[in-house]
Amino acid sequence: MLLSAIVFLPLLFALIIALWPKETSLRHLALGFSLIEFFLSLSVFQKFDPSSASLQLVEKHVWIERFGISYFMGIDGLSLWLVLLTTFLMPIIILASWKSINTRIKGFHACLFILQTAMLGTFLAIDAIFFYIFWELSLVPMYFIVGIWGGSRRIYATVKFFIYTMAGSMLMLVAMIYMMYLTQEATGQMSSNLLDFYKLKIPFIGGQFFSLQTLLFFAFALAFSIKIPLFPLHTWLPDAHVEAPTPGSVVLAGVMLKMGTYGFLRWVIPLFPEASEYWAWLFMLIGVVGIVYGALVAMVQPDVKKLVAYSSVSHMGYIILGLFSFNVFGLQGGLYQMLNHGVSTGALFILIGMIYERTHSREISKYGGLAGVLPLFTIFFFIVTLSSIAVPMTNGFVGEFLILLGTFKVMPVFAYVAVLGVILGAVYMLWMFKRVFFGEPGPLVKDDHHPLHDLNFREVTVLVPLVVMIFWMGLFPNQFLDWSKASVDHLVQNRSAYNLTIYGASATPAAPLVAEPPTPTAEPTTESTPMPEAPSPTTDTTAEPGE
Amino acid sequence: MGESAFEIAINCVKLVLVFLLMVQMVPVLVWLERRGSGFIQNRFGPNRVGPLGLMQLLADAVKFLTKEEFVPKAATKLLFYAAPVFALLPGTLAFSAIPMASPLKWGEHTFLIQGYEIGVGIVFILAISSLAAYTILMAGWGSGNKFSLMGALRASAQTISYELALGLSLVGVIMMYGTFNLTEMIHAQEGAMQFQAFGFTISSSLLPNWGIFYQPLAAVLFFAATFAESNRLPFDLAEGEAELVAGFHTEYGGFKMLLFFIGEYGHMMVASGLMATFFFGGYNIPWTTTEQVYQWALGIVGSPDWASALSSAVHFAMFFAKLAAFLWIFIWVRWTLPRFRYDQLMDLGWKTMLPWALANTIITAVVVFAVSQTW
Amino acid sequence: MTADIFLFWLLASVTLLSGVGVVLVSNPIYSALCLAMTMVGVSAIFATLGAYFIAGVQMIVYAGAVMVLFVMVLMLFDLKTEIATFSRGRISGAIKIAIVGLLAGLIAGTFAMTTTIAGKPETKEKAGHAAKSLGELLFTKYVFGFEALGVLLLIIAIGVVGLARSKGGTHAKH
Amino acid sequence: MNHSLLMSILILSPFVGFLINGLRYKKHNYLVAGTIATSAVFISFISAVFLVVDLVGLPPDSRRIAVTFFEWIRVANLSVDAGFVVDQISAIMILIITGVGSLIHLFSVGYMHHDKGVAKYFAYLNLFIFNMLLLVLGDNLLVMFVGWEGVGLCSYLLIGFWFTDETKAAAGMKAFVTNRVGDAAFLLGMFILFLTFGTLNFSELNALVPAAAETSWLGAITLGTLFLFVGATGKSAQIPLYIWLPDAMAGPTPVSALIHAATMVTAGVYMIVRLNPMFMMAPNTMMIIAIIGAATAVMAATIGMTQWDIKKVLAYSTVSQLGYMFLACGVGAFGAAMFHLMTHAFFKALMFLGSGSVIHAMHEEQDIRKMGALKKYLPITHFTFLLGWLAIIGIPPFSGFFSKDEILWMSFHSPLGHPVLWAAGALGATLTAFYMTRLMCLTFWGASRVPKGTHPHESPITMTIPLVVLGVLSVIGGWIGIPHIVSDFLGHLPNVWEEWLHPMIKEVPNMGPADASLEWALIATSVGLASVSALVAYHMYVRKPGSASRVADAMGPAYKIVYNKYFIDEAYFAAIINPLVKGSRALWYYVDVNFIDKCTYWAADVAKGGGALIRSLQNGNMQQYAMYIGIGLVVVLSILLMR
Amino acid sequence: MQSIDIFGQIGLNHYLILSALLFVTGMAGVLLRRNIIVLLMSIELMLNAVNISFIAFGKYMNQLDGQILVFFVMTIAAAEAAVGLAIAVNIFKRYKEVNIRFFEHLKG
């Protein structure tokens, strides 16, 4: 029940908010609700067993029996932190939008909560159709958030965002339905259950693009790549970010982009092991290109928000690089980088929103010398900048380090290029920082009629949790990594024949897998050999997947 | 149509007879109307030609026939001529479907005292009478006169509107009797009141077993609707003199006018006949059954053939008495009630009668269902 | 040639001729009257096929109500003979006529060449009886369709009233 | 005392100082802030002394105090502890950092007292000390990297301390970004080493080094060390990444003394020394290091000869001296490198502080053309500066002589060395003597060119005390590492330095026996060259002040090139930065906006056009629709019938 | 192919052909006429044609379902006529035009 409560409580909140009669107390109510949701999600820790790689807190009910569609939720190390990230960001977003959203407050908060349900559902659903519903549902509130509360070109941006994402999702839906059909062929009973999908052996032919697994792989990968977004598919992101209101940008960057990477982690890599291995080079290439390209383009942006948006493209490139390195470093790093990006880019957007509230401009050239006027703001911005450019002791470093290490282990050449991102990241962020905060006060900053006020108590309250997280995650990454360790180890070791068990259902066979000491030699070779995958080289102790 | 050539021949003759009966009723009715109006309005009415002015009928007929054939310039000739001809049809065809007496059994032949028997009689009658609207429209439009057209449109709208109430008021009757067939309905109204309810048989010798006691509302509605259907006062908006000169037949005169007259009176007769059939036991003598009358006739003449003929004649007389009574009511109403305004007419039709008819239908359905259950 | 056969040919020719009249006559009022005639003919054909109740309903609904409406409307518009009866366009007209012809040929030809599916039914039900079983069928097997049609009619009634009413309604308070 | 507690105090004391000053940056005036900051570093110094004393108490072969606070990152076989170790190498460093650091803090109290953001300044300075301690104490590469980036960050903050000046902010950014280039290489080096050896821990790495030297250029050790060395060039301002250091002089002068002379810039040297067994096994890397070091030493010295900004001269001098240290590393003289590191810290900090004192006296004037004859106004500064000058040009027995000579000797004598390297070193020393003398002459001696209205005055006592202390250290600092032949000559003075470092330093293999006469000859040559060049400079700038410009004119374009720092900055801008920015704009404009977006628009247009095409069928002509239906009907029926 | 007395024997085919011809006639009206009301009438004609088929099939297959369908068809036809006429009347009232092509101007 816990997961259902976590997922659907925001929907209830949205309903209450939509029906709430008083506008004045609405924000407080929403904040309270989001805090309730956050603390509820914290209680997952109490019930979660970090030593197990299996799905936990499972809820499974038959939904549409004929097609084997079920109401199936579960949590494991891969989704745990993303769920918490979502619930953690929501109170912050609501508090951050306290003053910036002035019209249709009711609708806005309702949208936020619906969005929260959709995102949590995406992370927790283990059934393909169920997942897809949440996946698509997440578009709708976002569409409205950008389209109603956005900037001047909001309609263009929101339509672009919607159509881009939708276009990818359609292929994914087709692939999902085809896989349901495959389950019927394999077992006689149609099923959209992810665990059943895992059991499928989809034929893979190395050289041929038009072979089954490759096509399915690309159908899924395209949907997720657009959502992430990966390099050539990223152009919706800057527009959406620039036009979105601050909370919209935060959710978009903080959580929604993670839906794509999570999709890779949960769906693509385990479902299509051979194809993803065969095509890993492509995705790593895209990731690397994205890192460098995003950084370069970010460097020359005249708009702060657009700069951060392109930096997201760059950061997401790291994540995909990590995921497709298929080793513990890369995967853990990728997972960690998702959280980092959520926290630090979210914080960046909040900060940009705060300055935008004051000056109503995001033009870099109009700023300058802000550090002298808004010292507190500058400090926070600097800390977040450090996190974004992955200075050690902040969260960004851990993720980036692990990703690059994982990549280097597999394909050093990509790592050599990817470290350019480390340099360029510093270049564009610090250049922007220099132009905005240093130098002579710009036209917006020395405006005598409207003196700028430094952060007030509410804004500090918004930022402090984020800064605390930045350092906490930077200094004690183990406290975070340990929770996802079992799942990631399990994924790495059994990638060629992935399965997931339900916690407590057949506990015994799953246990030795986790206990196995991770030795580098035991991992499957990551050379992209087009050979059909031999019976898994790892000692797959789960002889029969638990029914 | 019949099994043998003989029967077919008889039936054809019957049809002609019914038609002639109707046509011949018209002058009588005209006379009655004029005399009746005089009586009601405390004046004499036609009294110069013949005794009681009866010869006035002949004089009128001569006048009609000898009048000039007149076609307006703007008229559409075909329709202008066709309209009065078609005006005869609905009344005649419908009247032919009404049983006027108990069947005459002669030898192995059975002759129904009606134009033809139709299983779904009510439906047929309604269908035929609904065609009347064309006549009016054809006449109105064909005259090429805007008053005519206005009158025609009013009349046809009125006809269609009241057809709903009319049809719906009959649904209750149909449900109660469980048949469309008029003969069966009449059969069901024989004798004194007696009906089955909750498995009990309830009877009363005080009242005849007439439909009006079971469906009073339907009777009222039906009767009112027939007034509108036949375009008579108080619903004769189509020919409101003050507004539309004479409605759709403004441009008509002479023989064509006569045909319209016949059509209108035919309507009246159909309405009266249906009233009698649905609600007043048809050709049955009150408190008696057809069988009783037949036995009585058998007691008088002895031979079954003749007894059957006698009882048919008696029934025919009874039917005609009832018919005459209703026709008189038509006339009576015409000369006593003022004319409605058009919107009042429509309001009455759509907002009063239609809902009541609907209510009647529903209540009847519920009651019929409830009563048929036995506990 | 029995009466049935005679009746069929009579009614068929009447129906068909008046049907063609609907399409060809350039005065829409005559068209409408032709259609009314067709309706009556069709009703009669129903009757010859033993569907008396339906025949009656056909008369009431089509001939008595629907067509009257048409005629009324046409008369209200006071449309005389039209200047251009048929749509413009030689090519499309040719195509349309070709389609009509082809379709007629195809369907009629098909029917003409196939043998009768079923012979004549032996039982000849009484008309009233048929109506009763019709009602039973309507309220059991087809009850959903029946109810749906009821709803449809209600909606249509409301919609038509909404469409037809002039500003302020029939009883506008001035 | 408990080592972990001491270690905590050592590391965290500056951090606490940073927090106190940083959180109350608006409230604290220069005295409060300075007191807090200086005492925080001084406390560190005390605990460092305690630790070193404890270390000395241990037997020489197990001199190692290691403290692990917690496990930082653990992923698969990567296990990185937040572990700190004090051993022979880091002991020297922590003493220098905290010692010199506290002196500079003290100096700053006086130097910065005008400044509004003084508390912020001290906070940054404390943060720097904290990071520097992390760097030197970390027991593995990753913790070192934390400090490595941290000091870069503080350097960024302190260079851009006066952020309202665009160029200063730009200098800070330049420093950070250039450092980042090195850091990226450092990361790669780490990856290679980790993936080869499975650990990042220094002691484990050094223990795992194979016995045989790696000759291949692409071997793991060679590549790894090479990348680490690139990292070091960034941090320690070597070719090709030295460009940030001269610009870094935009920061407050004590910062230049602390960060850009004494401590941070030596981190590269420190790192190489830390991993000396590893570097030793990569002779190719060693060769590169030596060449780069020598080249940097000479090149920076030439630039130094032409600069007019007092701090720029010192900055190029620093680059040059760092080149010596790398040269030492490259020839395997790690001990000498460390030795020079220490002496350099003393005398260069001294000179920077002295220049700070001069600048302070001259009211923020840094151009030496507007100075001269300051001797009489600033006696203490002049005297201490004089000591530093003597030390840097290598006049015995000042500290610089011993360390520099050790390096020159090793570059000649070591199997990894080469006479050319020695020659370069000697040339560098000559040039150093020249430009340093030039600096002395133009600043303190000769005729006064001080503009009217400027009244130079001696600095307050908080500034002079550090000068004096450092002056003393500059003199005696070299005496703990007296070369063998000299000590033999003087009567077997112990070479404390070598003994101390010996367990940590891997000896250069195949080291031939030292030829005493050759060594003497070399010493004589270098000292002689330095003296001559100093005299020439004195002659040119004091005796005949006009001669210098004549020489410059005579040199013509060569002078121009050197004066403009070989146009390296311009070259970088032309070759890398401008194309990068322009290319990025092009990428944005042509790829993002005009290609990818256009592609999507194109896709949308195709859909739209298709829609429009089909829409033209739906023209509202109902009869046409009916015709389509009819056509469809005919076709379907025909097909059905044809079959 | 067996020879059948086309005129002397009435079978299902006769009714079906009648129905088809009537239908096609109605279709011709729909395709060719300009007047919207005549168009509506032509549609009625087509519906009636279909009704004949239903009844004929019902009769020859001895089922009542055909009649039920006719019932439905009639209801819908009546509804369609009502709506169509109401629209036509409205448009005529405003534009005095019954040409079907004129209705194109109503498209959005």
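For clarity, chains are labelled A, B, C, D and E in written order, and residue numbers in each chain start from 1.
The working rule: a residue touches a chain if its C-beta (ideal position, glycine included) is under 8 Å from a C-beta of that chain, and two chains touch if they have at least 3 such contacts.
Because the structure is a prediction, the values reported are computed rather than measured.
Hopping across touching chains, the smallest step count from subunit A to subunit D is 1. With steps allowed only between chains in touch, the distance from subunit A over to subunit B comes to 3. Touching subunit D and subunit E together: C.
Among the remaining chains, D is positioned farthest from subunit B, on the basis of C-alpha centroids. More contacting C-beta pairs link the chains of C-E than the other of the two pairs B-C and C-E.
Farthest chain from subunit E, judged by C-alpha centroids: D.
Chain nearest the geometric middle of the protein is A, using mean C-alpha positions.
Computed from the mean C-alpha positions, the centre of subunit C lies at a distance of 6 Å from the centre of subunit E.
Subunit C and subunit D, compared by their mean Cα positions, are separated by 98 Å.
Rounded to whole angstrom units, the spacing between the C-alpha centres of subunit B and subunit E is 33.
A separation of 119 Å divides the Cα centre of subunit B from that of subunit D.
Chain contacts: subunit D has residues 623, 627, 630 touching two or more partner chains.
Chain pairs that touch one another: A-D, B-C, C-D, C-E, D-E.
If you check the complex, the residues on subunit D that touch subunit A are 25-26, 70-78, 142, 145-146, 148-150, 153, 156, 160, 163-166, 169-170, 172-173, 176-177, 180-181, 183-185, 187-188, 191-192, 194-195, 198, 580-581, 583-585, 587-588, 591-592, 596-597, 600, 604. If you check the complex, the residues on subunit C that touch subunit B are 3, 29, 33, 36, 40, 43, 52-53, 55-60, 63-65, 67-69, 71-72, 75-76, 78, 126-128, 131, 170-171. Interface residues of subunit D facing subunit E in the complex, by the touch rule stated above, are 619-623, 626-627, 630.
Residues 1, 4-5, 8-9, 12, 15-16, 19-20, 22-23, 28, 31-32, 35, 38-39, 42, 45-46, 49-51, 53-54, 57-58, 61-62, 65-67, 69-70, 73-74, 76-77, 79, 82, 84-88, 93, 96-97, 99-100, 103-104, 107-108, 111-121, 123, 130, 133-134, 137-138, 141-142, 145-146, 149, 152-153, 156-157, 159-160, 163-164 of subunit C touch subunit E in their complex. Across the interface of their complex, subunit D is touched by residues 87, 92, 95-96, 99-100, 102-103, 106-107, 110 of subunit C.
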